[in-house]
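Once you scroll down, you'll see the structures, which are given as structure tokens.
One chain, chain A, links the two complexes that follow: it is found with chain B in the first and with chain C in the second.
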Partner chain A sequence: MAYLELEGISKSYGKTKVLDGVSLQIERGEALVVFGPSGCGKTVLLRLISGVLDPDDGDIRIDGQSVVDVGPEHRGVAMAFQNFALYPHLDAFENIASPLRARRFKDEEIKRRVHEIASLLRIDHVLDHTPRELSNGQKQRTSLARSLVHGPAVLMLDDPLRNVDAKLRYEMRLELPRVLKRYESTIIYVTQDYKEAMALGDRVGVLLEGNFHQVDKPTEVYGQPRDVRIANLFGDPPINLFPVRPERSGDGSLRASIGGTSVAMPAGRSDLAGKDCLIGVRPEDVEVHFDAVDQAIRAELDAVTPFNVRTVMLLKTSDETEILSSCPEDNTLETPRGRREVWAKIDMGKALYFDRATGTRL
Partner chain B sequence: MRMGRIVRGVLLTLVGLFFLFPIFWVLLMSFMTNADILRSPPSIIFHPTLSNYTALISGQLTTNVGTLKTNYMGNLLNSLILSVGSVALSLVLAIPAAYAFARFKFRFGEDMAFTLLSFRFAPPLLVLLPLLLYFQQIGLYNSYIGLIWVYQLITLPLILWIVRGYFEDISVDIEYAYRLDGHSWWKTFIRIAIPLARPGIAAAGLLAFIYAWNNFIFALVLGSSNVQPVTVGALAFVTASGIQYGQIAAALVLSILPTLALALYAQRYLVEGLSLGAVKG
Partner chain C sequence: MASLTLENVTKVYRAKGQDLPAVKQLNMKIRDEEIIGLLGSSGCGKTSTLRMIAGFEDITEGTIRIGERAVNELRPATRNVAMAFEGYALYPPLKISDNIAFSLLRGRVPKADADKKVRMIAELLEIEDILERFPPNISGGQQQRVSLARALVRDADVHLLDEPMSQLEPQLRAVLRARIKDYIIQNHLTSVFVTHDQTEAVALADRIAVMSEGVLQQYGTPAELKETPRNVFIASFIGEPPMNLFDAEVVVEGASRRVQVLDHGGTATFAFSLPDEQEAPHTREALYNGRRIVLGIRPHRTSVGGTGSDDGAVAMTKGRVVSNQWLGDQTHLGVNIGGSFLIAVADRNVQAEEDSEIAIGLPVDALHFFDANTELAFLHGMRLAGV
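After this line comes the complex of A and B, so read on.
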């Protein structure tokens, strides 16, 4: 039996239905990432599990026991808030010690535990500071320490890296799994950043319009998204989507026109013939060549964004179709001046196909 | 830059003088005899005397027609009992109410809050005469409890509405976080909500105290000399043989002192921005 179970959870505010019959099972010790755009109900979901809000309908069970009528202080659930929610009138030490004080730990034990987690998160030198005197990164770590210090059975992290700068976010993305592993909690991690979802989740639940559209391993969500919206949200740079209608050509093979070039469809997708569909191609499956290649789409190089190990290029074909490509950094691509004629070769074997009307994957 | 600072200093001094001069003049008057006060043109050179204060404290008002008994120190004590009592009662009632109005949506909540505020719109005279009749019938006339009850009309809505705003400004996440740490609702209210709203509570309490202290009409109508505060008691210095300006000035100085002391004490809690930096918006 799953450790944490949600069954048909609904929550409305006035006429707006925020969550509509959400069901979910999380195993003990699992890290589940709830991924979705802002306003999809992620935060409300966490608040329902924590007990500060009550669901209109449905049941929440922790370890087989329904907790719907249990107050937040008795659920054994901890949460790190997106806005940190530190107590401004208490110093960092007392902020972190708060869950231990509620459980009436002895003073020495509180001291030992607070110092232990503080040194793990490298905030032991600022424990006597009030939240006002802490930097954003330190606030974020203090809030994290407070949620971890008593080793909660269920730990919820509400987009904890949202309000910290890019460098710190990168650091924490590497550090968090190490810290979280030590405490063996069951983790629900909410984020809008697919990289965090990939890095931290055993599974990822994609929450859209009040319900989970897909709950799967991160690689599955990335590689086999259930519909076009998930494919679009999950990935940066975003997936290329080309509206096509594959047709049989003279020699019997299935071909589709992308950016004015006829491209062969992979064998075995004869079901797509004559169907209005969207071809989704991850930018890393688009190779860029500077000389004409068979089956490649002619395009102009419109913009180049060099990252450290990959270069993202925006290509434009003669019919204004835009193609994003993400290539390993390569000397031949070094700062091309002005527009250049290139050929984009799409790895059609890795392409995804979606129904143009419903968006579901074919 | 320097020029601007000088001009600002001069202007601030002028404004300060304008507002403080009457108080300064009253302070001088309290050390003058009636003859010095009434001299024309007025002068700030005089022989200071403590006679006004001794007359107040001993309760012997000596005029050219004889000696009158006053009970100004009793009035001062009454003022303290009435103001402290009514502000304390209001704080006990209004803080939980303000929290409820700030945090919970309930039926007729807004209407109730507005009704309480509307007590401040009505002119006191409108309710005073009926109140007087009722108070005489149920034995509340001329009692501290009766006056403290009526003073709630002044202090309760004021504290309720000011403190409510402060509670609303506290991020609800801070309270949620404290609940999730394992603390009960009541502890969250006592240890998080009240400390964070303390500047507001201090400001509201101080304002309510000043309003209660300065109230005149309720005590004049609903009480007789043994419960009357300084505002009513000062009338005694308008005697048959003339107005005792010196004693009035001394009485004023004495009556300012408690409010001044309270304001100085409350100042430390009035410091704003206690909750800044806790929540990133």
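After this line comes the complex of A and C, so read on.
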């Protein structure tokens, strides 16, 4: 039995249905990331679980017990926010210790627990600093330590890395999973950043317009998205989408036209014949060649835009189809400025196929 | 369209009888048709610089030239610059299409030509479906694109863009950045854009001027900023994930030369040897015994998991995997090396369990050495910095 269960949760404000029959099961100790664009209902969902808001409909169960009628303070649910909100007059140690003191832990136990989490979060050397003396990164860690130190059964984190600088964001992204696992809390983590969702989630729930469109492992959400919207939200640069209708050619093979070039469909996809669909091709599956190659789409390279550790190229074919390609930075030649002719080779075996009318993956 | 020169440009604001310097002795040459990014955090002086070029701020000291003409005394309207404002500054009573066409028509461009240009730029920036609407009825992100469109369609010697793409939704960002870059190049525009976002600067600019506290820290191509950062600030500011930076110390024992890395408390964590054969006299001089340094390496220049040969070109060490995150097109790894935390990026799906031991290769030519006191770079790989 799942540890945290949502069953048919609905919540409306006036005529706006923010959540529409949401169901979700989270295992004990699991880290579930709720991912969605702003306005999708993420924050309302957290508030319902914490008990600050009541659902119009549906049930919330923790460890098999309905908590809908249980006050927020008795649910065993803790929440960490974007802002640090530390007590300014207490040093880092006492800030972290405050939930333990409130629960009347013994001094020795407090000391042990504070030092343990401080060392995990690498703030053990600043425990005697007041918030004013801490860097932003240290404040963030102190705040996180405080929400974890008493081992809440359920910990909800509302976009905690949204406003922190790049260095801290990456460090925390890489260190957080281990710290969270150590405390065995069941985690609900909200973010608008797909990379953060993939990095931190045991599973990712994609919340769109008041309901989960897919709840799955990160690799599945990226590689096997249920529909075209999800495919488009995961990936930067985003997936290329080409409207096509694959047809049988003279030799019996199934082919489709992308950017004015006939491309062979992979074997075993005869189901796509004559169907209006969208071919989804990730930019990393488009190889750009500066000399003619077989089975490639002829195009014009319009712009080269380096992107972090990769290089993104925008190609345009003779029929004005745009193709984004992304490759590791080290593999790119010093590409001259301005337009030039290139050949794009698409790995059709890795392409995704969607129904053009419904957006569902085929 | 024209070159742009800033000579000893200084801006001092006066408030409550106090002098607040915003830009200090800025010298920059911007070539005709170049795309320049002014990059820095808020308060670094980048926006003051842009506004001085546009003519919205007085220049306290120094000279700004567009082509050969000094423009210090010219009003904004007579400088022949086009500007996209961070606050958009659209005319609320005018339709979007009229907002974009406004300067064109005032500049006596025939109506039919102006219409054509408006349609073309609207299509490029994906705002063609809102041309008949009014500014208050479109989103902030759309207003920003309209403001950008209005500046880009104009004929001007210099185009100035203040945070032009900060509001772009992620799904549009990659393609619009590329289209704008292509448009600027095809139309031979000279452009200067201000941004706080290093990914945007690197994506668009031919050269980037990084500012901090009113001072130009480094001015170079994105590759130069990545491969030869002048100081620790530039090294940590450019690139994502950011460069790994460690406190370290040089240890010389006889003919061998080691780098001893320290944790934030000064305790030794891991060490590796530097190759002898690659050492020219200048590197031996720079790497003297006991020198306190900051050691840098970019996450994607480390090699992970490979067997790797410790052949001198690559220093090998071992670490413990803290986390292994596959993001679809790259792997991010957190590795604990004897107490130091290293971020590594690989462009493949790396198979490495958490808590397992993993080999880490640090290619010597990817190491950056900064002096611990001045934070200035003195070696990139085994090449002297600044040479």
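In this text, the second predicted complex is superposed on the first by the 301 of 362 C-alpha atoms of A that agree within 3 Å, B and C clash if a C-alpha of one lies under 4 Å from a C-alpha of the other, contacts with A are read in each partner's own complex, and residues count from 1 in each chain.
Please note the rule applied: a residue touches a chain if its C-beta (ideal position, glycine included) is under 8 Å from a C-beta of that chain, and two chains touch if they have at least 3 such contacts.
Owing to the predicted nature of the structure, the values given are computational and were not obtained by experimental measurement.
Novice: In the superposed model, does chain B or chain C contact more residues of chain A?
Specialist: C
Novice: Based on the superposed arrangement, let me know which partner A:P306 touches: chain B (first), chain C (second), both, or neither?
Specialist: second
Novice: First (chain B), second (chain C), both or neither: which does A:R103 touch?
Specialist: Touch status of A:R103: first partner only.
Novice: Thinking of the overlay built on chain A, is A:V70 touched by chain B (first), by chain C (second), by both, or by neither?
Specialist: In the superposition, A:V70 touches no partner, neither chain B nor chain C.
Novice: Between chain B and chain C, whom does A:T219 touch in the aligned arrangement: first, second, both, or neither?
Specialist: second
Novice: Touching A:M198 in the superposition: chain B (first), chain C (second), both, neither?
Specialist: second
Novice: May I ask you to decide whether A:V52 touches chain B, chain C, both, or neither, giving the answer as first, second, both or neither?
Specialist: Touch status of A:V52: first partner only.
Novice: Please indicate which partner A:P177 is in contact with in the superposed arrangement: first for chain B, second for chain C, both, or neither.
Specialist: A:P177 sits against chain C, while chain B stays out of touch.
Novice: Applying the touch criterion given at the start, work out whether A:A264 contacts chain B, chain C, both or neither, answering first, second, both or neither.
Specialist: neither
Novice: For a test of understanding, state which residues of chain A touch chain C in their complex under the given definition.
Specialist: 122, 125, 166-167, 170-171, 173-175, 177-178, 195, 198-200, 218-219, 222-223, 232-238, 282-284, 302-303, 305-310, 312-314, 322, 324, 326, 328-330, 337-339
Novice: Any idea which chain B residues touch chain A in the complex?
Specialist: Going through chain B, the ones touching chain A are 171, 173-174, 176-185, 192, 195-196, 274-281.
Novice: Can you list the chain C residues touching chain A in their complex?
Specialist: Interface residues on the chain C side: 170-171, 173-175, 177-179, 181-182, 185-186, 199, 202-204, 206, 222, 236, 239-242, 264-265, 298-300, 322-323, 325-330, 332-334, 341, 343, 345, 347, 354.
Novice: Over in the complex, which chain A residues touch chain B? Could you list them?
Specialist: My answer: residues 47, 50-52, 71-74, 77-79, 81, 83-89, 98-99, 101-103, 130-134, 136, 139, 146, 150, 163.
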